[in-house]
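Letters A, B, C and D mark the chains as written, and numbering starts fresh at 1 in each.
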Amino acid sequence: MTATETPRIGVYVCHCGINIASRVNVKEVVEFARGLPHVVVASEYKYLCSDPGQELIRADMKEHNLNRIVVASCSPLMHESTFRRVTAEGGQNEFLFQMANIREHVSWVTEDEGEATSKSKALVAGAVRRVAFHEPLTREKVPVNPNVLVVGGGIAGIQAALTMADAGKKVYLVEREPTIGGHMAKFDKTFPTLDCSACILTPKMSMVKSHPNIEMMTLSEVAEVHGYVGNFKVKVKKNPRYIKEDLCVGCLECIESCVYKEAKFPDEYNLGLGKRKPVYIPFPQATPQVVLVDPETCLYLKKGKCKQTCLEACDRKAIDFEQKEEISELDVGAIILATGFKAFDPTNRLPQYGYGFYPEVYTSLEIERLLNSAGPTSGELTTKSGQVPQTVGIVHCVGSRDKKTNVWCSRVCCMYSLKLAHLIEERTGAHVYNFYIDMRTPGKGYEEFYERLLQEGMRPVRGRVAAITDWAMTPEEEGKLVIRVEDTMIGVVRRIPVDMAVLSVGLEPQPDAKEVRRRFNISCSPEGWFLERHPKLAPVSTFTDGVFLAGACQGPKDIPDSVAQAGAAAAEALALIDRGYVEMEPNTAWIEEELCSGCKSCSGQCPYNAIGFDDEKARAMINEALCKGCGTCVATCPSGAARQKLFLDKQIYEEIRGVLSYV
Amino acid sequence: MKYLYYPGCSLKVTGKPYEDSLLAVFNALEEEIEEVNDWNCCGATAYSAVDQMKAFALAARNLALAEEQGGEKAELVAPCAACYLVLNKTCHSIQDYPARVGLQVKRALKAGNLTYKGTVNIRHPLDVFANDIGLEVIEKRVKNKLAGLKVACYYGCQIVRPYAEFDDQHQPMTMDNIIKALGAEPVNWSLKTRCCGGSLSATVSDDALSLSRILIKEAKRRGADIITTACSLCQFNLECFQEKLKQKGDQPGETEIPVAYFTQIMGKALGIDEAKLGFKQSFMPLETLF
Amino acid sequence: MSERFDRQIKYESDLDLNFAHQIASFPGGERIFDCIQCGTCSGTCPLSVYMEYTPRRIIAMTRAGFKDEVVRSNTIWLCSSCYSCTVECPKEIKLTDIMYAIKRQAIRENIWPKEFKMSPMMTGEFFKLVEKNGRNSEGWLMMNLYMKSMAVGDALKIAGIGMKMFAKKRMSLKTEKIADPAELRKILDAAGSEMELIKEGAKEVVHG
Amino acid sequence: MSKNEFQPKIVAFFCNWCTYTAADLAGISRMKYAPNIRVVRLMCSGRVDPQFILAAFREGADGVLIGGCHPGDCHYQEGNYKALRRYKLLKQVLKDFGIDDKRLRLEWISASEGDKVKKVCNEMVEHVRQLGPLKLEPLPLKESLKAEASY
């Protein structure tokens, strides 16, 4: 059909069960719609997106020869694609369709039935008027680059990378630390099965390293992202390791022979609990199994003066102090973000717990390192003064469920606190208290694990710890940390002396989450958790097509959930790639040559340099392959020569008139 | 800048040495300070326990007077912790509950031919000394360096919480920093803001006593020669009941320690005459310490 | 039965289910329903060691309508208004203000544990003195209080400190006064009764 | 809100990526706000032609609200800056026409700020209600648009 054909419009108003119908008088809206210009049919249905609902529309289209469809229901972000498909199946171009959002924008946000009904009518009027001016459009198909980028090499990123690589896709895995593994690599055991973390993770890590389809890039960060779904251009910045990765075999001879005889610098990987030399490896199973030189502490790199005994020790000649920062450019069709979380740092943020003030107050992450057989103490847990602790208090909800820090429940800390209680008791024989507000163990085998801990004699105290102090009231308390807490089950305040206090810190967004999300053009919550497109409909997608989420960067999550989500994100990316092309939304701009006055007002407006100028004709022109359809140039053009498909001026004017035509 | 001064009832009597030393220190630092005319009692904790509205109105009269006298943006210095808190709380409540508190207070003040626009800033002398005048200035003015004196700075409960913003609620440092600037050594202890039982000492004295005992013992355990406070009620409570603690069976020396206002210590370091600092009015001799 | 054991179970008809709403309507009481019963308030409270019901229990009982138990408890009188609970509560509940609100209820109803008669008495004396003079005269307050409430012996023991205070010129029987106490009384009268305000308060949107 | 109070009509131009999504979020979170806002979805706040705003006033709107992504967050990099520039100019123009410039408002609302949609909409309705209905002299109109608008 052509645009000049007389419009024959069908209007369909959805009840959405009672979501719409309980607030909006649907009958009245349908009646109203019948009276609008060019409306041939108007009807209502309980669930328009269901099969019978769709069939109703298709059948009407045939019967009444409809050439325009309006659906008044939920948000177009929810079901526009569904109903466009229905319109196409009914025999018309899919863009001869318009949606009116009377659920998210009306029934759910309006108190009064009369007002909700009026507002619905206004929105329907807008849609009906607009759709009369719709024109058939075709989508352009753009081929999808089959390569994928995964950002973040924690368990989520590793899982996603392996899944896609096994499906035969080329995967770039970018990790900013010297080794992949993320938080999980720091743990000794994982709940609820107490499997050895390394036994699960290290094989996966080495699979990543050796997989022919994965290019692992450590000490690297994404600097820039350009392009769009199917065709992203990504710049990755790699920081120098001062080691040639392909030559180093991880023999560690260089470390042995560094001029520093003793390891004397705080070891970041072990949260400062251990020491390292300027040349070091984060932990024995690090992947890649390659050392690195820290420019901040290496004498040569810092001062330019050192005997460089490391160089001589390396018979592979792998050490290269000339390495510089490198930028590489990657072309990928899809991106998975798996940048994980940051553990809450209680320094100065919860002074009542004395972290950083009393040496025997630790964070859970520090205890994970101390319990880890590959950690700084080879798994031996002693206090800083070298004693085996006899009583240990584990404090839940540190930096979580608290309006002054973070309001959310971090979801994993109850379970890992139980895990730590078990491990501490097993290693040291200490009595372990768990101070909790609510014991949150919803998961397969989790409640059973809690029960096991109770049987093992873990001492539960239901109460949020008020303070950890070092002043003694009784002789038994002398020299110990005292945990002051109300045992809320009993209703009395208790003072419990311990040798060691463990703060079960919560999960927070990465501190650079906001920059990262900007770089990838996705949204995040005010706190910094990356925003999924829809928690149930599209939990691993984002509002930017082709960018997916996995793991704790989207919200607090344990390992099983992170892995599951990584699988889902990989599946979404694979679906995109295996389709082979993306259909672009036809909302690009073009120039109506005869109208263009050659004023060039538009050319500076385009952020994508899509607008060129034909000097001969003295006319602007738009490269539609580059245009992303923002419409900025269109709004700028004084002659009405620049126009945007799907958002033609006249369509918008009609919508404005429509929404204002009723009440 | 000229500061306004709200003494509150206790600085005129029990806390006289606090008033004397405070004004002397302002004088020595060449900062102007002037008493609010015809101020009335802030209401302390007791008033809120009878009638919340009257409590706000009572305190607000002082704010209105200060605004009248000091103009807009008056800086009102309230040295007593209870006054500081109550005045601050009134300011916050007027803002946070515009209908229930703001409007009511306005109505009440009108009955007394007063208005309050809400511009007065309530300040504690600790805040003024450390943040307006500055530690460097104080350090420069020190005449007698108090080297070797170990001081347990006690802030009490009501200065740093819940409304004050000038210092941390758990481990405040302002007084410690001032003490450091005087050349003395603040001891590291964790009870700086734990309640001394002050507001209970008259009514349920036994329980209040055990609270002071905890504080005194801990200060001594940390090696303090003296406790310093920034509130007249805390000072009274910690100093004057030491005798009673002995009657209750505390060993001699176990809970004995001089307790001075931080302004007395400042005054000493700034070279002000002891007579002007109310040293003689202490139960335990302060002179010998310096 | 009833001679040997008291009934502990509560029927809804024993309780005042509106009590929490009443408390919530005072400025400062609004967040009472957010409590997650974590006990931080009790843990941090320096006086909870002596309290019949810890601050957390006061919140729970208020919410559940245990009005009689709450207004009769010693908790509210032991509260020293140190604001620790208020600043530590993870849900930012202003417990100190809630303690005040309950205390006012107790004073209105004229109930308190007998070992605490000093507290309402002191509060009352203080209130009267300020209403009369606009200022508190600490010497007078103490004198009145001890004369009225204490056994003579006790009064003397305390008086030991009192005498010393007089000697050090830190206590005096001089009456402190503002210029025109009558004017102040006008202000206080105009402030109105807080019970009227509760009704208005229901309409107010509380920030934060 | 009482029935016989003046009910202003407000047209809102929301960008697809941030503010429209935020309005959806307000809905999903069942936040209630004034029903006077009619949303027109555009891909970017940069698409808001000043003529749209004038047209809205001409067609009976008492106020116009523009919602876009926060500075630095624009899905198209900088469309919102363009919108801001035009908005400032237009405010001036409105004054020249004798339209109180408070009838036009621009707000940055990100996808996660459902509560801000509620707040801004309520405020806007309240402001415009206080200004009263817009009474207009006929507005100048681009020739080319007259033809299209005469449907």
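By our rule, a residue touches a chain if its C-beta (ideal position, glycine included) is under 8 Å from a C-beta of that chain, and two chains touch if they have at least 3 such contacts.
Predicted, not measured: the structure shown is a model, and the values here were computed from it.
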Inset, instruction - Going by the contact definition up top, give me the pair of chains with the most C-beta pairs touching. - result: B-C
Inset, instruction - Please work out the Cα centroid separation of subunit B and subunit D, and write it as a whole number of Å. - result: 53
Inset, instruction - Could you tell me the distance, in whole angstrom, between the mean C-alpha positions of subunit B and subunit C? - result: 23
Legend entry - Distance between chain centroids, defined by C-alpha means - subunit A, subunit D (Å): 31
Inset, instruction - Mind pulling the residue numbers of subunit B that touch at least two other chains? - result: 169
Legend entry - For subunit D, residues that touch 2 or more chains besides their own: none
Inset, instruction - Scan subunit A for residues touching two or more other chains and write them down. - result: 352
Legend entry - Chain-chain contacts as defined at top: A-B, A-C, A-D, B-C
Legend entry - Of all residues in subunit C, those that touch subunit A in their complex: 36-45, 48-49, 53-54, 56-57, 88, 90-92
Legend entry - Touching residues (chain side subunit B, partner subunit A) in the complex: 168-171, 189-191, 214, 218, 221
Legend entry - Footprint of subunit B on subunit C - complex, ascending: 26-28, 46-47, 50, 77-78, 80-84, 86-87, 94, 96, 100-101, 103-104, 107, 116, 118-119, 122-124, 126-127, 130, 134-139, 142, 145, 157-158, 160-161, 164-165, 168-172, 176, 178-179, 183-184, 186-194, 197, 200-201, 203-204, 206-208
Inset, instruction - Flag every residue of subunit A that touches subunit D in the complex, lowest number first. - result: 75-77, 101, 103-106, 108-112, 115-116, 118-119, 122-123, 126, 129, 132-133, 518, 521, 523-526, 531, 543-544, 587, 595, 605, 607-608, 628-632, 634-636, 639-640, 644, 647, 649-650, 652-657, 659-661, 663
Inset, instruction - Would you pull the subunit D residues touching subunit A in the complex into a rising list? - result: 7, 9, 11, 16-18, 20-21, 23-24, 26-28, 30-33, 35, 38-44, 46-52, 55-56, 59-61, 72-73, 75-79, 82, 86, 110-113, 118, 142, 144-145, 148-149, 151
